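Two complexes follow with subunit A in common, the first pairing it with subunit B and the second with subunit C.
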Partner chain A sequence: MNREQVLEQVQNTLGDRIKNLFVKNPRRVYFDVDPGDVVEVTRIIHKDLGARFCIASGMEMERDFEILYHFGFESEPPEGVLVSARVHLDKDKPAVDSITPGVPAAAWIEREMHELLGIEFRNHPDMRPLLLAEDWPADVCPLRRGKPWEGKVDRRI
Partner chain B sequence: MGVKVRALMKSPWVFHVSAGSCNNCDIEILDCLCPRFDIERFGAILVGSIRHADALLVTGAMNRKSARRVRQLYEQAAKPCLVIAIGACALGQGIFRDSYSMVQPLDEVLPPGAVTVYVPGCPPRPEAMIMGVVKALNQLVPAKQPVEAKKEQADE
Partner chain C sequence: MSTTKPKKTESIVPIGPFHPLQEEPELFRLHVEGETVVDVDVDIGWNHRGIEKLAEDRTWDQVTFLIERICGICSTSHPIAYVQAVEDCVGGVEVPERALYIRTFIAEMERLHSHLLWVGLAGHFLGYNTVFMWGWKYREPVLDIFEEVTGNRNHYAMMKPGGVRRDMDEAMFPSIHQRLDELWKKLELLAGAVIDDPVLHARLKGIGILTKQDAIDYCALGPTSRASGVPSDIRRNHPYAAYDRLDWEVITAKTGDVYDKAIVRVLECFESIKICKQCLDNMPKGEIDAKIKEVPPGEGIGHAEAPRGETFHYVRSDGTNSPIRHKVRAPTFMNLPTCKATVVGESITDATIILASIDPCYCCTERVAVIDADTEKTLMTGKDLVRLSQEKTRRIRKELGQ
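For the complex of A and B:
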């Protein structure tokens, strides 16, 4: 399946759930989706179109939180395409449905984003802490803007 | 010189702990052991357990999780145990100083005076590490007969 076929298939199956499609370069495509559609969209890309779930990346931006779900349509170079679906989340209470039930590989990266950025994932099957030390306070999210841990975490062990 | 120190100096067995390093120091340590620098000719060998080791090589800026493990390793080591801090991170946390997961530096995690030698560099050259080991061993002997002097006598 070449690049044009992939793009056409993604656009045909997802229809108007795609907002602001942006072709950065021939092998890199971004589009926005509503937070309510994200479970459906990722399930279609992964299960129906057969893309590999590469990773998700979360960021705290100035106005909101962003999560990008990256999917790879892999074939012989130069035909592979990386498709990234982006959701914008509320700055004060970032929360989104978990895509893990449809895309099992997302389980750990969602735990990581929950722990480091404080994004809540609804319906996640196992939301235990993943990376931080056992005595790290649960309400301090180290990858948020500024230095949120200062004064809250003892720097001596 | 007691029998314990003499045995330690004849073949210092080394345990290497990477406490969250970027692996560059670790690669240089392996370089020390490979034929080009070959510290095995001095009797030093990398062992798999701290309980067999005479020296503890620490690389990397320890984070909140690994600092406890390093302290535990030091407690498990048979004394006297040389601790050799290798690389800028193990010395003073390097560029990771202000990171959220940093705790106090190595010489404050271990008991005072436990760290024998600091080898600076990012990463240190294998020659510097060998020199560090020699200095650490020299600390063990009484002041009048350091390793180099003894070697000269042997040459004569």
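For the complex of A and C:
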């Protein structure tokens, strides 16, 4: 498959679950999905269309949280395409279903986003902290904006 | 902490976090029954530096130097991925051809020294200290070339968004050619010694097998996946720098055992020498910098094939002079979980070499967590640590009912 065919296949398979498709250039494609669709969409991309799960990147924005799930299509070199599916999550209580049923390789990165950004992943098989110490306070998320630990540290020690 | 409580017949053998067989801190808990490993639990997080958070406080140019410090061994794969992410974010950047060739040369030299380092370590793990001495001896001329070209044996600081920072001097090329030719001959000896050795065959063949399906499911990367027959190579699939203009092969193997992983790395060294020599021969003259003026709001992704697999960088810009988000994913982050598939069922005597066969690079994997300067002041004074420690003791006492 060349790049156009990959894009066409993704669009045909996912249909109207794709929102705001943005082809930045032939090698980079972004689109939004509803948080409710994310498990199904990532499973289809990884299992049915055979893309490699690269990683997910979460970030806190002004109005919401964003997670981008990055997939690499590399069926026919050198026509690789990176497809990134984006979900927007609630600013106050960011939570989304874990994509590990369809994409087991996402287990570690969801643990990482959970502890560093405080995003809740429902149905994750093993939500222990990955990188932070075992006694790190659960509500202090290092990658959140500002200084979330202000005034909290003293209370805990 | 372990997820599963060990059964009565099981024992837990911890390897790490500080262990003479590991070059970096990492804790593997091997659940063993007799001598067979029945489960493995990986505990990472001993090497945190908070580089993703730090990147948000640096300018676009400064971040290039910051992320070079992620890893001392693959210290150019992260900058390559990052500068490509920035170029992707800016959009329409025409990096001069000469800069692309220099990037390729540096990246392949790095693969060469990294693979030689691993071959040496693997030999050491197995009790083949001659291989260790050879591997590291042959690595020296590579580092010497680095020093001449970039001014440093590690941390070359060659990359910048839009090009490279330093030009290469054509007068050096004949001498580099000559040393690479010598290295080729010595590597043939080394490869012969590894490929034909019956003891190594007996020791490495058929152990720690990562099947093709497992490699795909775990999304394994680099030599770890190529040894299992997945021809995934960013240099080929998503061409960057000058790789699509050069003649080289993607090395794959079939069974995915430790032997195949070693062979893939050894054979890749030859491909790297081929690529380096072609870079020197075909390097066009001209500019080395596209001179990017500013980074507009937007996002960009860059990835590159590090010696251990794909390095993935995502940057987000709001139009200011520093990224508002910089996500770094090193290859070991995806490769390390494969130990669940490779170590379980094997003998404990093979565990170390299996765990080492993915060429784990922990400091890359653990660049994320954060200690803010402010927190450090509050949290990390000796007094506070003592208090924390006392509190923990009290908690444990309470739990034990004493």
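The working rule: the second predicted complex is superposed on the first by the 147 of 157 C-alpha atoms of A that agree within 3 Å, B and C clash if a C-alpha of one lies under 4 Å from a C-alpha of the other, contacts with A are read in each partner's own complex, and residues count from 1 in each chain.
Keep in mind that, in the parts below, contacts are C-beta pairs under 8 Å (C-beta built on N, C-alpha and C of every residue); 3 or more make two chains touch, one makes a residue touch a chain.
Here the structure is a predicted model, which means the values were calculated and not measured.
Contacts of A:22 after superposition: neither subunit B nor subunit C is touched. In the superposition on chain A, contact of A:55 is made with subunit C only, not with subunit B.
Contacts of A:80 after superposition: subunit C is touched, whereas subunit B is not reached.
In the superposition on chain A, A:142 makes contact with both subunit B and subunit C. In the superposition on chain A, A:108 makes contact with subunit C only, while subunit B stays out of contact range.
Look at A:133: by the touch rule set out above, it reaches both subunit B and subunit C.
Measured by the number of subunit A residues touched, the leading partner among subunit B and subunit C is C.
132-133, 135, 142, 147, 149, 153, 157 are the residues of subunit A that lie in the contact sets of both subunit B and subunit C, per the superposition on chain A.
The touching residues of subunit A, counted against subunit C in their complex, run 24-25, 27-28, 30, 52-55, 57, 59, 68, 70, 72, 74, 77-78, 80, 82, 84, 104-105, 107-109, 112, 115-116, 126, 128-135, 142-143, 147, 149-150, 153-154, 157.
Of all the residues in subunit A, the ones that touch subunit B in their complex are 132-133, 135-136, 142, 147, 149, 153, 155-157. Contact residues on subunit B toward subunit A in their complex (touch as defined above): 63-65, 67-68, 100-104, 108-109. Interface of subunit C with subunit A (complex): residues 1, 3, 44-45, 48, 50, 52-53, 88, 91, 216-219, 232-234, 236-239, 244, 299-301, 303, 310, 312, 314, 316, 324-325, 327, 329, 333-334, 337, 366, 368-370, 372, 374-375, 378-379, 384, 387-388, 391-392.
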